[in-house]
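Shared between the two complexes below is chain A, which pairs with chain B and chain C, respectively.
And then the complex of A and B:
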């Protein structure tokens, strides 16, 4: 078991090294994506500024607090985009038969897909945005709890891994029905939910998107934790519970799906 | 330790029916199930190089995928290198190499050496061993000439050679090559054949699925013919060569025994019969006897025995010929 974990870590690390080389190879493109991400964050802050000043108040969220929220949302997207790029496209491998080339390697196929899809530039491009957002929040007078931020980052990472497992689970439905392109659309809808704090949706929806679908732990709960508005320990336990739930669901769907996999083509 | 590398007994696989939407109201929405393999039994020993041949859709790739642990058979027993390929996939695939000529798993934007480095880690190969293997692979497939180039810039043949290298980097005991010669030039094909033969000399087993007759004939010691998912023929190549037909071309100027000459033309397949020049097709193992009888029947002024054409032999096998059916004893 320990040997398998060490082997897996080595494969992850090799994947990161290769992705780093890819990022360097396309250095200018990576740089431009950092700039474009900063522009996006700037426009989004501007949007919230106008909304909060001229349209309506969002209970519990000032502009500075919204900056903290956006920082976590950016971080969450960076992790999902950095290591989960192929999770949602796993169905393409399954229906085309390219999955065969992954199944014939001595590693968990899900891990192989994560390694092959690792996109370091997605991770890197968000770092300046997160830093800028935190600076903006401090400048706007928001009191940030350092421990809360640390726990928030942890919960957001756990939520990102859980969402990747949700994507894998959706993709694995293709073992039964063929193409699951619709999962990509569902994923886009889910990710768009991280643009707004879940507290604005009301308690029932907030509970559903926090305890069943890993959206609440992406940014809302981590931001509240950083602002000392929630207990970080309860948040972490909740995030880990959600991760365990999706590990279990994913494992069941994966095993059943793999047993009926028929490959494709010669 | 088992004395075989591959053992299967009564392996069958039916691709399941799938529900789908059909625009034809007279047809059911359910696409029919397809029997891909029907009770296939195999026993392949270490060091054998076995060619799997058959027409498109005959079940070759399905069999390979079952032997690789990719798909689960509906029934029957499969044991390769002491493992159940499907149930013990992760441990088993560490001991095998699989090349699907048309499916690549290389990093397109990075040089080939970077993909090979990833698979070095995946197969847990030490740096020294890796460097040694790269040297061997260069000798076999000349990969060093393009190892520094991004994969997307390689020609198709170079990419196939790169895929080959990435799949056999760990020098496995058992290798499955499914259409490995697609895109390879004649020199690369020769190198591949030499590589397979060297593996066989070292007691390593190779399963080759190919339509490339030259590659099959220069590498395989045994051929298995599948037809409609059923194993029709399983014979050593040498045996098949003996059973195959050889052309005897001859010319004569004087008939000594007309009855014997007529008998020879009746007993064997006559391709051409002329006043001066004739061609008889006889089985490889009866060439000597036929030539002796020809010399008794007439005064030969010209005689040439054309060796069995492996291309014809394989075509005959694939298209079906009752006289060659059966299994090695």
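And then the complex of A and C:
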């Protein structure tokens, strides 16, 4: 068991090293990605500023608090984009038959896909944005709870892993129906939910997107935790419950799908 | 615009180009419907995003006691704004061009009887036509039947004109970004930056008439507004039809400028291209 874990860690570190070399190789593009991320957070802060000043009030959220929310959203996207790139594209391997090459390797195919999809550039490009947003929040007079931030980052990471499992599950449906390109569309829709605090959706939808689909723990609950508006321990328990649920669902779909896989077309 | 790679001097060559164009349209239409379940489920994303936007705006406008008419106008705007932004993945197209240049496949297009630009355009047109046909029932039900809003004929006509301008312009911009792969190894950073700017300043998140006046003056001349903001505003009545005519002139000006840029970039890019990577 320990040898398996060490072996897995070696594979992960190899993936990160390769991704690091790719980031350095395409240095200009990586730099532009960082700039584009900073542009995104700046523009989105501007969007909320325009909305709050010229259009409407958002009950429970000031501009500074929205900056905290955006910081967690950026962190969440960094983790999902950093290790979950191939979770959505796994169906390509299945329908083309290239999945055979992954199945025959001495490691869990899902882990192989995660390693293949490791993108350090996605992880790194969000760091300046998160820092800038936190500084903006402090400058706007928001009182931040440091323990709440730490727990929020933990919950956001757990939510990111759970969402990657959701994507994997969606991709593995291709074992039965062929191309599941629609998973990309659903992924974009789910991730677009993280642009706005879920408190605007009403209680029922907020519950669905918190306890069934891991969007609530991406940024809304972590932000509320950092602002001392929610209990961080209940938040962590909820996030871990959600992760366990998706580990179970993913395992069932993966085993059933693998058992009917015949190569070349799924 | 001259078709690159074909002989522009002979009339028969034009007819041949047209036949190849039609054959390509048929091919891409078959490719798009090869996986029918996938095609059906792909449009799940649109109502989902529409729902999120609807909930956000109806919540904001309700807590701020905005009138029902104004709320309806905003909702209708976003119904169409999201539809247009969802219609075609220009980023995917740019990335595909990058892969073709980086992998050497672009050489094949240089010896074919139809230009690379025409082939990309054909694929884009077919994808948009199929996506529109597929999403039309949802759009009609949500945009017209449920809201009870029906645009006039002139609004529909202006929608088509502005949509056509917006599509051509946006296609050309992303095509140019793809072609910059002749000179650079990776374009994802550029694509991301442009996508963020075009979504924000194109009215996907917020109609441009809510922006401060200073921003509105600058954005008036930019190409961003043509793909989403202008068509969505035409159909929702956000912009008066008369005030759109100067914008059409600006749009045509942008298209001519982009056409020149494409020719220049293709000329310099293909002349230094070695057929394998850059």
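The criterion applied here is as follows: the second predicted complex is superposed on the first by the 264 of 266 C-alpha atoms of A that agree within 3 Å, B and C clash if a C-alpha of one lies under 4 Å from a C-alpha of the other, contacts with A are read in each partner's own complex, and residues count from 1 in each chain.
In the analysis below, a contact is a pair of C-beta atoms (placed from the backbone, for glycine too) under 8 Å apart; a residue touches a chain by one contact, two chains touch by 3 or more.
What you see is a predicted model, and the numbers here were worked out from it, not measured in a lab.
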Which of chain B and chain C A:26 touches, first, second, both or neither: both
Partner chain(s) touched by A:106 [first = chain B, second = chain C, both, neither]: first
First (chain B), second (chain C), both or neither touched by A:11: first
First, second, both or neither for A:188, with chain B first and chain C second: second
Touching partner for A:39 - first (chain B), second (chain C), both, neither: second
Which of chain B and chain C A:231 touches, first, second, both or neither: neither
Touching partner for A:54 - first (chain B), second (chain C), both, neither: second
Overlap of the chain B and chain C footprints on chain A, listed as residue numbers: 25-26, 178
Chain B contact footprint on chain A (complex, rising order): 7, 10-11, 13-15, 17-18, 21-22, 25-26, 97-98, 100-108, 112, 115-116, 178, 259-263, 265-266
Touching residues (chain side chain B, partner chain A) in the complex: 15-16, 18, 56, 60-61, 65, 68-72, 89-91, 93-94, 96, 98, 100, 102-105, 107, 109-110, 114-115, 117-119, 121-124, 167, 178-179
Chain C - residues contacting chain A, complex: 34-35, 37-38, 40-45, 48-49, 52, 55-56, 59-61, 63-64, 66, 184-190, 192-193, 196-197, 200, 205-206, 210-212
Touching residues on chain A, where the partner in the complex is chain C: 25-26, 28-33, 35-37, 39-40, 43-44, 47, 50-51, 54-59, 177-182, 185-186, 188-189, 192-193, 195-196, 200-202, 205
